[in-house]
C-alpha cells in the first residue's frame, strides 16, 4: 500500500479525534449562575487545549516520519492502526481529567490514565519509527535527518513515562508536566523541524 | 511542510467542527406536545445556523489566506493549530447560547462566551495573516490583493470585540449582531472575493 | 474558487453527517431484557437506514451537479453552504423520528419535521443547480445531460413536499413515503445515472 | 463515477466511524473511587480495541478490493452505500457490548447483536466483491490475485456467522471469537497481503 493512502486515512483520524475533543467540554447544568459555572469549567478548557496541542503535534510528527518511508508493509500498517487506536482514545482520558482534576481524591487516577495513554502513544511512535526506518526507508532518505529524528523521538517515552510516575507523588505536578511537554514541543524546533 | 497538507488537515477540522454543530440541537424530552417542544427549540436552530455560516465563512477565508503563502513554517503551523483550536471550540459556546438564550438572567454570560470565542478567532486570523503575509508570501503574489485582504480582515477584531462588549448593555443586541455579521459576510463581496 | 476544493469540503460534511447518524441510535437503558429492548428500537434502525440512504443519494447527486460547473462563484458558495447546513441537520429530525415514531400523539410532528427538512434540502438542490447551470456551466457540458438533470431533479420538491403534507392526514403514510423515495432513488437509474 | 472518488468518500466514513468508537467509552459517574471505576470499564476498552481493529482491517480490505475495479457503476455504488451503512453502525453494537458484557443475563443479546452486524458486513463485502470482480474488473487485473481475494474473503461469512451462533451456547466464547478473528486478520498475511 502506498504511504500516501495510509497518511490520508491517518490524517482523517487525527482531524476527527482532535475535533471530537470539544465533546469533552459539557454545557453546564442550570445550577448556579452561568457565568460562575462557565468559570468553574477551567479544567475542561485546559484539558481541551493541552490535548488539542498534543494531538496537533503528533499529527505533524506522523507526517515527518512517513515522508521518509518508501512504502507501507503489513507490520507497519498494524503498528499504525495501533497508534491511531491510541490517538483516537485521547478524548477519553481528556474527559476524565477535565471531570476529576478538581477532586483531591480522584486527581491521581485521572493523571495516571492520561499519562499512561500518552506514554503508550510515545512507545508506539518510536516503535513505528524504529521499524519503518530500518525496513522501509526511501533510498534517497537523508541519513543525518533519520538519525536526528531517532534522537529527538527517543526522549518521548521517558518524558511521558516519568511525568506519569510523578502522579504518585503529586498528581497536580504530573498534569502540569503534560501541559508543559505539549507547549515545549509546540514551540521548540526539535519537532516542527527547521527545514520542513 | 507544504501548504497543501496543512490546508487538507485544516479543511478536515473545519468540516468536522461545522458538522458536529448538530449535536448542539438536542432531542426534546417527552414533556409537552412534541410540536410545541420543537418550536421552543428556535434558539438552537438559530444558533446552529449562525455558527454554521460563521465557520463556513472562516473556511473560505482560511483558503483565501493560504493560497498566498509559498510554504508553511513552524510559527505558522503553531498559529494555525491555535486557530483550529478555536474553530473546533465553537460548538461549545453555540450549545451554551442555544441553551441559555431564553434565560433573562443567564443570557449575558452566554453572549459573552460566544463573542469572546469569535473575537479570539478573529485575532488569530489576522495574526496568522500578518505573520504569513510578511514572511511566507509567494513571489508571484499580487500585492494589491494582499493589501486588500489585510484591509478587509482588520475590522474583524473590533467588530466581534465590539459586539461582545455590547453584551454588557444588551445581551440580545449582542447575539443579533453575531448573526448579522455572519449574514453580512456571507452575502457581501469582501470575503468571498470577486475574482475568486 | 475551484470546484474541486468545494467538492472536497462538501464530501467531508456529507461523510461526517452520514456517520454521525449512528449517534441517533442510543444504547437501551437497563429496564427490561436487552433482547426485547433491542427489538423495540426498530424505529431507530429504520430511521438510520432511511437517512443513511438519503444522504448517500444526495452525495452522489451533489457530485453529479458539480462536475458540470466550470468554477464556483460567490452565490454558488453561499447556496452550497446553505445546502450543507441542511444535510448536516438531518441527524436531528432522524433522532426525533426514531424517538417519537411509536407515539400516536407525537408521530405527526416528527413526520412534519423530517419532511420539512428534506423538502427544504430539495429546494436548495434545485436552486443550486438552476443557478449553476445558467451561470457556471463548463463550455463543454453536454446540453442533453444538463436538461436531463433539470428534468430529474425538479420532481424532488413536490415529492418531498407532498409526502410532508400527507403527514397531516396520516403520519405513518408520510414516514413510509420518505423511505420509499430513498429506496426508489437508490435503485432507479435516474439518479445514479447510466453513464456515470 | 471514478473509483477514486468512491474510495475517498468511503475512507472518510471509515475514518469517522473508527474515531467515533471512543464515544462508546463513557466517563464514569462519581460513584466509587475513580481508579476502581476506570478498571471496571475494561469491557469498554476491550470492545473499543476489537472494533477499532475490525474497522481498520475492513478499511484495508476495502482498498484491496477497489483497486481491482476499473470503475464504479450504479449497483456497485448501492452495494457500497449498504456496506458503509453497516460499518458506520458498528459503534452501536460496540457500545451495547461494552455496557452489557458483564451482565450474565444480557450478555447473549449483546453478543448476538455484535455478531449479526459483523456477519452482515461480511456478506456485503463478499457480495460487493463478487459483483465487482465479475463486471468491473480492470483489464490488467492479475487473475491469480483476483482468485486469491475471493478465496480469502469467502470464509468471512461462515466465520462471523458461526461465532454469532455460538452465542446461543456461550456468549463469552462468542465475544472472545470476535476478538480472536480481528487479531488473526490483523496479524495474518491473508488480509494485509504480502505484495501490497
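Labels A, B, C and D are assigned to the chains in the order they are written; within every chain, residues are numbered from 1.
FYI, a contact is a pair of C-beta atoms (placed from the backbone, for glycine too) under 8 Å apart; a residue touches a chain by one contact, two chains touch by 3 or more.
None of these values were measured; they are calculated from a predicted model.
At the interface between chain B and chain C, under half of the residue numbers involved are used by both copies, so each side presents largely different positions.
Rounded to whole angstrom, the centroid-to-centroid distance between chain A and chain C, based on C-alpha atoms, equals 37 Å. Note on chain placement: the centre of chain B and the centre of chain C lie 26 Å apart, centres being C-alpha means. One simple way to say how far apart two chains are is to compare their mean CA positions; for chain C and chain D this gives 26 Å. Annotation for chain A: residues 12, 16, 20, 23 touch two or more other chains.
If you sketch which chains touch which, the chains form one closed loop in which each chain touches exactly two neighbours. Pairwise chain contacts in this structure: A-B, A-D, B-C, C-D.
If you check the complex, the residues on chain B that touch chain A are 1, 5, 8-9, 12-13, 16-17, 20, 23, 74, 77-78, 81, 84-85, 88-89, 91-92, 95-96, 99-100, 103, 105-106, 108-110, 112-113.
Every residue of chain B that touches chain C in the complex is listed here, in rising order: 11-12, 14-16, 18-23, 25, 27-28, 30, 33-35, 38, 48-49, 52-53, 56, 59-60, 63, 186-187, 189, 192-194, 196.
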